[in-house]
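One structure, as structure tokens, below. Some questions next.
Order of writing sets the labels: A, B, C and D. Residues in every chain begin at 1.
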Amino acid sequence: MTYQARSFKLPALEGLSEKQIKVHLGLYEGYVKHVNLIMEKIRSLKEVDAEGNAYLINELRRRFAFEFDGMRMHEYYFEQFEDGATAMNQNSPLASATVEKYGEQGLIAHIKEVAGSRGIGWVVVYSDPKGGTLHTVFVNDHELGQLAGLPILLALDLWEHAYMVDYVPAEKKNYIDAFFANLNWSVVEKRFEAK
Amino acid sequence: MTYQARSFKLPALEGLSEKQIKVHLGLYEGYVKHVNLIMEKIRSLKEVDAEGNAYLINELRRRFAFEFDGMRMHEYYFEQFEDGATAMNQNSPLASATVEKYGEQGLIAHIKEVAGSRGIGWVVVYSDPKGGTLHTVFVNDHELGQLAGLPILLALDLWEHAYMVDYVPAEKKNYIDAFFANLNWSVVEKRFEAK
Amino acid sequence: MTYQARSFKLPALEGLSEKQIKVHLGLYEGYVKHVNLIMEKIRSLKEVDAEGNAYLINELRRRFAFEFDGMRMHEYYFEQFEDGATAMNQNSPLASATVEKYGEQGLIAHIKEVAGSRGIGWVVVYSDPKGGTLHTVFVNDHELGQLAGLPILLALDLWEHAYMVDYVPAEKKNYIDAFFANLNWSVVEKRFEAK
Amino acid sequence: MTYQARSFKLPALEGLSEKQIKVHLGLYEGYVKHVNLIMEKIRSLKEVDAEGNAYLINELRRRFAFEFDGMRMHEYYFEQFEDGATAMNQNSPLASATVEKYGEQGLIAHIKEVAGSRGIGWVVVYSDPKGGTLHTVFVNDHELGQLAGLPILLALDLWEHAYMVDYVPAEKKNYIDAFFANLNWSVVEKRFEAK
């Protein structure tokens, strides 16, 4: 099997230019391409000489998470903008869970706090059904620090390419405001209910 | 909330001594303790001075994945030995999925291949419901290279502490054989069906 | 002691705008500030309660390399532009060493190859006096994959912030051309001779 | 060129068995072998098809630091035991520098503190000639968090294989005591003076 690049039904976004989104989608497609490339390279190296190429094959596998997570995280990201911004439903199970964990101040304030982490990567909100709680962490690159086996509810891209067409790094907060201005919370609610 | 260390109903294991398992369970409990410690430290640093401690808090959060994944991966590991070894049910959905992906040679041979990766960490088998496939990767440490958002089916610990009470590193293959000799495949099958 | 942000005598650069350099120098100063912040935080946490804060202190230390290498690598980077571009002296010891290692095609072609690595980070050229050779590697972030104990000869910044004021990621090659158009090779030669 | 595994003139060591050292030296030789393997694989992949193999080649290069640092760090480690234990010369430049940085309590107490970091890796003491100071950090694996371009003075291996022939992880402190009982400080002094 091969993975296909998805297309996203994106409305015009507030505070994120068409050029920014186009550049970003181009990078997403690069991840899909390289996920497939790794799987294809492993196949052909094994066919030629599985034993002699064992080191090569295992190094490709080690890198697979970078490309796969790069692909998948961008899918979580862009689908959050599909169909336009909606507010969080204050009566949803997600709303109850976030208030229990993050108090009245709420999830958005918490994500903004975590987004202050230095370096590039993602703020990711997970659900831990076994622990009956949520966790919000900063993941470096795409694959360094993902929580093992947990479903992902929300993904905020903080690589510089996510905003530097429109903003300089010192304006990262404006980008984060734009992210939330465009977020379709019903996508996040559905992920929480599907977990 | 705090996480509690689980206890596992482990039979006598073939090729893994009681001392080895006791040492290993002690390390698992250390991860649970440190998951709770990080959550507690973040709480108290925020209460004292959220702004002045922002850098500290974010660095604790960055490390959370190491401790959380260290805890959770060991839970995946030990529960695979509960109730004693059983063979894979050749008529199960898991068996179909593994044959489709890994051919007649099968999943065990594939895991052994990936276990040849250099360094310490885990071989992890994931299910990707969106892609309709399985992925088997080597995760460094506990948290470097986890596949984002994917349910975990099987976890083989390849840290040196997992076997060095009983084996030296050059005998790693014997440890891996012991792992499979004790594996309760019905645990893996249930994970696949629950995903 | 505290580290001081250096100022660099930069001429007008070809293909790199003043705004790009200003943004980049601002980020460099952030690294210097955070190197000092970590040292200061460790000091004060130890004074208050060395034992109770041991976990916190060690996590700050683990992150020190990110900030320190972020500071130091940018110093290697910017000082390469000081006093304006000069060609490599073909009779220098550096020229002999690079021809021996990288052939007639040369070091620049080799760096461009390594710069094709996916992800963000640095291309770094090191000298290994013990091995009597050069090594050119891609370092992720600032600190993931530095060669232990080796003097650094040349550092090419491939974080997106290094060029995205002037270029989009698909134009990274133009940025790399600009880097070489502005490189003062005599700085690199002096580093090689001082090792 | 290829790297050659070094042999070390090791006396009988206190608290570290012959079997422990033999196992550990065997792992060291594995790093040397794999440094050469990567260089050889890159050469042959380039000869066959430099462009078509570009992704493979760059992933091998990304992993080079793991193998190279694994080789070099073990060389720093074992040569510290050559010719038997000697105390630090209290009149040496190293002694002055360590007292200035680490106070009366001294470098050994400081290294033990840093050795309390969770995870596997190394405690490394560096000299920073530009900053006129020493830095002691915990490096994960062999290559994650090395300080860029700094000469290495002392390297304490905290991978589990370094001690688990003789000790369980809960006895790590006994291993660290054994390390210092066998340390030839004159090796460290010479590194400091050569920097």
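Here, a residue touches a chain if its C-beta (ideal position, glycine included) is under 8 Å from a C-beta of that chain, and two chains touch if they have at least 3 such contacts.
It should be emphasised that the depicted structure is a prediction, and the values quoted were computed from it without experimental measurement.
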{"item": "Most remote chain, CA-based centroid, reference being chain B", "value": "C"}
{"item": "Chain pair with the higher count of C-beta pairs in contact (A-D, C-D)", "value": "C-D"}
{"item": "Whole-Å separation of chain centres (CA-atom averages), chain B against chain D", "value": "28"}
{"item": "Whole-Å gap between the CA centroids of chain C and chain D", "value": "23"}
{"item": "Whole-Å gap between the CA centroids of chain A and chain D", "value": "37"}
{"item": "Where chain B touches two or more other chains, by residue", "value": "34, 55, 62, 66, 118, 140"}
{"item": "Chain A contact footprint on chain C (complex, rising order)", "value": "23, 26-27, 34, 66-67, 118-120, 140-141, 159-161, 164-165, 168-170"}
{"item": "Chain C-facing residues of chain B, complex", "value": "34, 37-38, 41, 55-56, 59-60, 62-63"}
{"item": "Chain D residues within the chain C interface of the complex", "value": "1, 3, 54-55, 57-58, 61-62, 64-66, 68-69, 72-73, 76, 113-114, 116-118, 124, 130-133, 135-140, 142-152"}
